[in-house]
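What follows is one structure encoded as structure tokens, with my remarks underneath.
Labels for the chains are A, B, C, D and E, by order of writing; each one numbers its residues from 1.
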Amino acid sequence: MSEQQPFEPKIVAYVCNWCTYLGADLAGTNRLEYPANVRIIRLPCTGRIDFNLIIKAFEMGADAVLVSGCHPGDCHYTAGNFHARRRWILFRQLLETMGIDTRRVHFSWISAAEGKKFQQFVTEITETARALGPYQAYREICQAE
Amino acid sequence: MQNELRQTCRRLLEEGTVQVVIGYGDGTDGQTFPTFVTRRDDVERLVWNERCYTNLATYLTRPEILALGKAAICVKACDERALVVLEKESQIDRSQLVVIGLACSTDGVKQPKCEACENRTPRWANVTIGDAAGETAKTTADRYAALQAFMQKTPDERMAYWKTELARCVKCYACRQVCPLCYCRQCIADKNRPVVISTSATLKGSFAWQITRAFHLGGRCIGCDECTRVCPAGIDLRLLNLSLARAAEENFNFRAGVDVEAEPIVGAYSERDREEFIR
Amino acid sequence: MDIGYYPGCALHGSSNDYGSSVRACLNALGARLCELDDWICCGATAAHSLNHMLALALPSRNLAIAERQGYEELLAPCPMCSMELLKARCALTASSDLREKVSEIVELEVQGKTRVLNLIQILQKIGLDAIKQRAVRTLKEFRPACYYGCLLTRPADTVQFDDCEQPSSMETILCALGAEPVQWNYKTECCGAGMTMADGPTTLELSHKILSNAVAHGANCMVVACPMCHVNLDMKQADIDREYDCRHDLAVYYLSDLVGLALGLDEKSLGIDRHFVVKR
Amino acid sequence: MSRIGIFICWCGENIARNVDVERAAAEVADLPGVVCSVAYKYMCSDPGQSLMRQKIVSERLTGVVVASCSPHMHLRTFRKAAAMAGLNPYLVEMANIREHCSWVHHDRQQATTKAVELIRMSVAKVRANAALQPISIPITRRALVIGGGVAGIQAALDIADSGREVVLVEREPSIGGKMAGLSETFPTLDCSQCILTPRMVDVGQHPNIRLYTYSEVEGVEGYVGNFKVTVRKKARYVDMDACTGCGQCWNACPSKKNLSEFDYQMGNRTAIYVPFPQAVPARPVIDRDACLHFLKGKCGICAKKCAANAVKFDDQDEVITEEVGAIVVATGFKLYSIDRDQASSKLAGYGEYGYGQYPDVVDALQFERIVSASGPTGGEIRRPSDGQQPKSVVFISCVGSRDNAKGISYCSKICCMYTAKHTMLYKHKVHDGQAHVFYMDIRSGGKNYDEFVRRAIEQDGAHYHRGRVSKITQENGKLIVRGVDTLVGEPLTIEADLVVLASAMQPAGGATELAQKLNVGYDEFGFLSESHPKLRPVETNAAGVFVCGACQGPKDIPESVAQASAAAGKVLVMFSNEQLSREPEVARINETNCAACFACVRACPYNAIERAEVRDRKGQLVKRTARVNPGLCMGCGTCVAICPSKSADLEGFTEQQVYAMVESLV
Amino acid sequence: MSGNSHATESDVFSEANVAACYQCGKCSAGCPMAEHMDLLPNQLVRLVQMGRFDRAMRAEAIWKCVSCVTCSTRCPKSVDCAAVLDLLRQAAFEQGKVPPSRRRTLLFQQAFLDNIRRNGRVCELELIGVFKTKAFAKDWDLLKLMEDAPLAPKLMRRRKFHFRGERVKDRGLVKRIFDRCNSIKLDLATSENS
């Protein structure tokens, strides 16, 4: 990245196939523009999304991570999002203790009908990540010998 | 008391109730070490003193110990919680195990973890040796005092702390080896298709490893602090364990291994779990 | 057995017959009542009608005294008092903020730990067997209508006593002593106690319905465990008779009166001679 | 070594306007393993697809990435096309460069960069893809229907009429359920038995229906298409085959004063009895607790009277195993009782209504029997206590229903209608009587329903009072009902001769235990949970198990019947194939590495993971392991995330595939 | 919502679960005083639900209530109707909205509290005296004033008559408790559409 260009954060989004992925599709169908920083990785369910993936994203240089799925009660697999939610409750505590920047880890429920919410949320977290700047701390961890 | 312990173990072996007793033996340098007694005359090697701090539950899942036959195990009240977790996770069959409870007196084992000790009498034992000093009610604040103090630091300071601390980690995996609840046949850290945790002893690998280790103990860690005790680099791993233990207690009213009846929180959920952090 | 005792104003005033009765009966059963030091009025209907905080503070002061004196259990034979004490206790245990605030108001630390018991609960605690053992005579000539009124069983969440619609605890005790309580419909209807002074006619009407129903179901007396119910059904019975042109002629006993009689106590020590309607 | 082909779609201008597709094609051409990278105007068109098929053959491709629209749009299309060209369809992945890129990013530079990255991610993934074969499960094309009420009867007949075998299990001695005991039905007032009993006879005589009455489902094993069900046939003490149903036995039985279950304890029956004359099967059963032979060891009059020698005092329970491919649950409902003692601690009774101690306070089903021509009073309306004709009847709605304090928050849905019906039936028989109804709302949505209620009020003169009843007492043989009319704003006391309670509908007893055996979910009240309230109303989350009727929620006869036919339809769709074909994107467990902590077993929303044992040839236990039943797994991957050693993995979204995608991010 | 209508979470009434009321009227059906009320308990709860506190406060009914708690006990939605009436009484009292026809009820309760404030316990004779004077003397209603006088000798005969009631030792404390409680007023949004 050259010095002149403004900083563009890299954002990895792990989303479920049935709600948030479709919500992003709807944002597209409705031509709702949002920053091009997010890279969506489609998984069947938030229940499938392991915390290691979040760490892996930071290791790969992500400046922010988004995990998103169906609203409670709407899970295509009945309860995958409930399992995910419980894991996130614990995982967030661990991030806090490690001093990992929780402003860079986002969780959301975005349904297939919420194209607008997807657009707004992705825009918001991109702007947050821009404001925070590159995640220098984790890059240092990854570069240390 | 030591005599009572030896007598009990002798009887168990004589009567054929068990084939092996997992207990403490005296070491050369004033330490104790895990001892596996299979012959009744060897019970004299068993000791019970203030240096018996290791958590022997970790041996219960080892294939080489399982091969010795039905076991009796010596546990303190704190160690015993590991048995509860192991039983919930189908790793031990409680009916096939004789638990010899060792009650701690206040001038018994002295370890940092003893500061937070609440209950000195094993509750789940078949036989209990010795008289305990009684219970000391502790509040949540007492239990997580060390964590609370640490959390006074800013996030950046915490990050800096772990960078310094984990830089010393040599990935010897002593923390994994000693943990009574790390019983996987193949650890995720040793997985290579894909590599989930970088195998080299760099800071990146150490972070990933310690996050993973701590998280895998979330809602399971019983706080025996063996990981911290054995860490050759002297990293205070306890803080990570405490943070998840506190999250489990605060959010799910759950303390691993304390209530024999309580179902594990791992693999379970409630529709009312909090979600104010989810947008 | 030493029990903390909160008599309340009525038992020290015009309902001193109830006071005598409770003391005599429980003493005979081996319970010693230890009156709270310098207790104050619970505030009754007036306080909870006009000042929410006062209705919490007055009983809280008494709970605080009980705590200071180390009573784990407190007998309040007047259901109004015991309900007010329990209401305060519930509120105090539910909120630490309130505990702090009220402690400040009443100038004494209060936790709301003391368990508050009514007369029936004390008798239950003593135990039916123990009471039966000490009984020297049967109550078989009594066919009482057991009248619980409002506040012995209500509000149900607060007082957590008996079944608020079909209570039976008094019957259980009296049956054990040989009495034959009748089944009737007005066990938990209100006698209008809160209005005795302010709205006399209302009280007379409600009490009249109660007495009539008891008589219609074959009762030869009534049993209550509340000083206010007693006032309305006993002292006011003559007024009721006059107002409705009838003659109920129904003696109204406190539960402790009948238990006391079974224990062999005389009418005088139980204060029965101080009732208005007296059956020969 | 992979040979991957990349096909980038212009989607006309849709993609090409904001993404420089040619540049993208050029940039990804050099990615490792990529052997061809082309852009085309419309990949989903016939020429587009044939281009792909051509390249698969000519370039001997081992993997394909189509960069175009959302996989929800065309993944299936391209996988099918690949299959036609001989490539395993699961070696095709897509990169969504339309919905997630060209349509939402208007800066051509940025959009193109992102498109390239998305393609790179998909290439990384497809390199780790494996050829998968669809899972096919053989199915037993027989169905089990549990419950022989109107819903179960309908479902069984529909399935049987299509030529498939049905096993129908009913707990009571006869099928017919609650409907058999009803008098007339709303909104037509046609006789319940007249419309139901012919259907019952059809069931009894149907060559494809195997009927087990007086029987219960004891256990269910297996999974969709392959259930093994054990049914306990309770000892009936009557040989069903020998008996002719002539009635000599029950006419002669000396034990006559036993309360009839069918008449809800308001009439009597003998110890050997058929519950009602039109019972199917028309075979009696002996009530052990009432039979003098069993109680005192002597009698046996029925056996002596029986010309067919059908009475068997030594009859035993029999356990039968049936193999079926699908299960329809139609266990129906029971009424909430206002008694002090409740089946569940969550419920409370109505002390204010006397906890049911007044004999003339009856529930709605009892009133149906009182009105019914076949009932204990022969259809004359007389009250239980003294047989007098009640001149004033109070009907109370929402007893238990919508009463959170008693533990039930839901509306029982049918009470408004049958209460209106009750007032009509009463008025038609007692012309000088007055019906009063206490209600909160009148819920009469449905064809001809509201008109029906209005008729009860306007033509038959039922007095409707809006308000709840606070207390019922009894004085001088009258029931004193203290209510209120909130529309007038006055309390209202009515002296009634009979009070009829429209008690809440609850799931039939034992429904939750059955649901647990079937792995079907249920709500806090015990109603079974459908898979989706709108789109999958008769399916459950247990594949192959369907629900219909009041076991799923309060409903009336038309709805129960409609739902039953729907369930039968779903069963028949399943039975239209010999094998069940399922997507192969399911979880699998590395059994060598599994540490058998069984967290996945707890977490699996489908109970698709079981505890298994690995044994060597001698039968010695080698190790324990979790094992996925691919017939049940729906592929959510919750097990993968929860498995600490990652011994669980999910085909189509394997750890390797997902990590490859993340690692491809630069 | 524009702040002035429906009861909200922060309301003093929210603890009484007023929002849950679905107007079944069971409170009114069981109320022993319903026949004498100008507004039924369910109507009062409705007014509170609508934020129409003023109308509710001015009802005679709230002063007819005998605080028997039957309404709350039988409520299918666990609305604490009795508490709602308590709060309405307090508000009406604080805001001077007690209807003249129910003045006597208020006078009695005031006299009752004054009595406790002075003595710490109820002094019956003093209470009756003060109340009767305030309630009836002004109107020269001597009949009412002396209504209960014939009871006096009967009570005396039964040793139930005390010229001087009991008083607590620390009467200063009682006064302080009263003053502190009196300084806490109910905070109702009183703005009404009318």
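Points worth noting:
The criterion applied here is as follows: a residue touches a chain if its C-beta (ideal position, glycine included) is under 8 Å from a C-beta of that chain, and two chains touch if they have at least 3 such contacts.
Here the structure is a predicted model, which is why all the values come from computation and not from measurement.
Minimum number of contact steps separating chain A from chain C: 2. Path length between chain A and chain E in the chain contact graph, taken as the least number of steps between touching chains: 2. Listing every chain that touches chain B and chain E alike gives D. Comparing chain C-alpha centroids with the centroid of the full set of protein C-alpha atoms picks out D as the closest.
By C-beta pair count, the most extensively touching chains are C-E.
Across the assembly, the mean Cα position most removed from that of chain B is the one of E. The distance from the centre of chain A to the centre of chain B, with each centre set as the mean of the Cα atoms, comes to 34 Å. The mean-CA centres of chain D and chain E are about 53 angstrom from one another, to the nearest whole unit.
Chain E has its Cα centroid 22 Å from the Cα centroid of chain C. Shared interface positions of chain D, i.e. residues touching 2 or more other chains, are given as 352, 603, 642, 659, 663. Within chain E, the positions touching two or more other chains are listed as 70. In chain B, the residues touching two or more other chains are 188, 196, 267-268. Pairwise, the chains that touch each other are A-B, A-D, B-D, C-D, C-E, D-E.
Note for the complex: chain E touches chain D at residues 20, 22-31, 34-35, 39-40, 42-43, 70, 74-78. Contact residues on chain B toward chain A in their complex (touch as defined above): 147, 150-151, 153, 155-163, 167, 188, 196-198, 202-204, 207-208, 211-212, 214-215, 218-219, 239-240, 243-244, 246-248, 251-252, 265, 267-271, 273-275, 277-279.
By the touch rule above, chain A contacts chain D in their complex via residues 10, 12, 21-22, 24-25, 27-29, 31-36, 39-45, 47-50, 53, 56-57, 60-62, 75-80, 83-84, 87, 119.
Of all the residues in chain E, the ones that touch chain C in their complex are 32-33, 36, 64, 66-70, 72-73, 80, 82, 86-87, 89-90, 93, 104-105, 107-110, 112-113, 116, 120-124, 128, 131, 147, 151, 154-155, 158-162, 165-166, 168-170, 173-174, 176-178, 180-182, 184, 186. Chain contact summary for the complex, chain A toward chain B: residues 51-52, 55-56, 59, 72-73, 79, 82-83, 85-86, 88-94, 96-102, 106-109, 121, 137, 140-142, 144-145.
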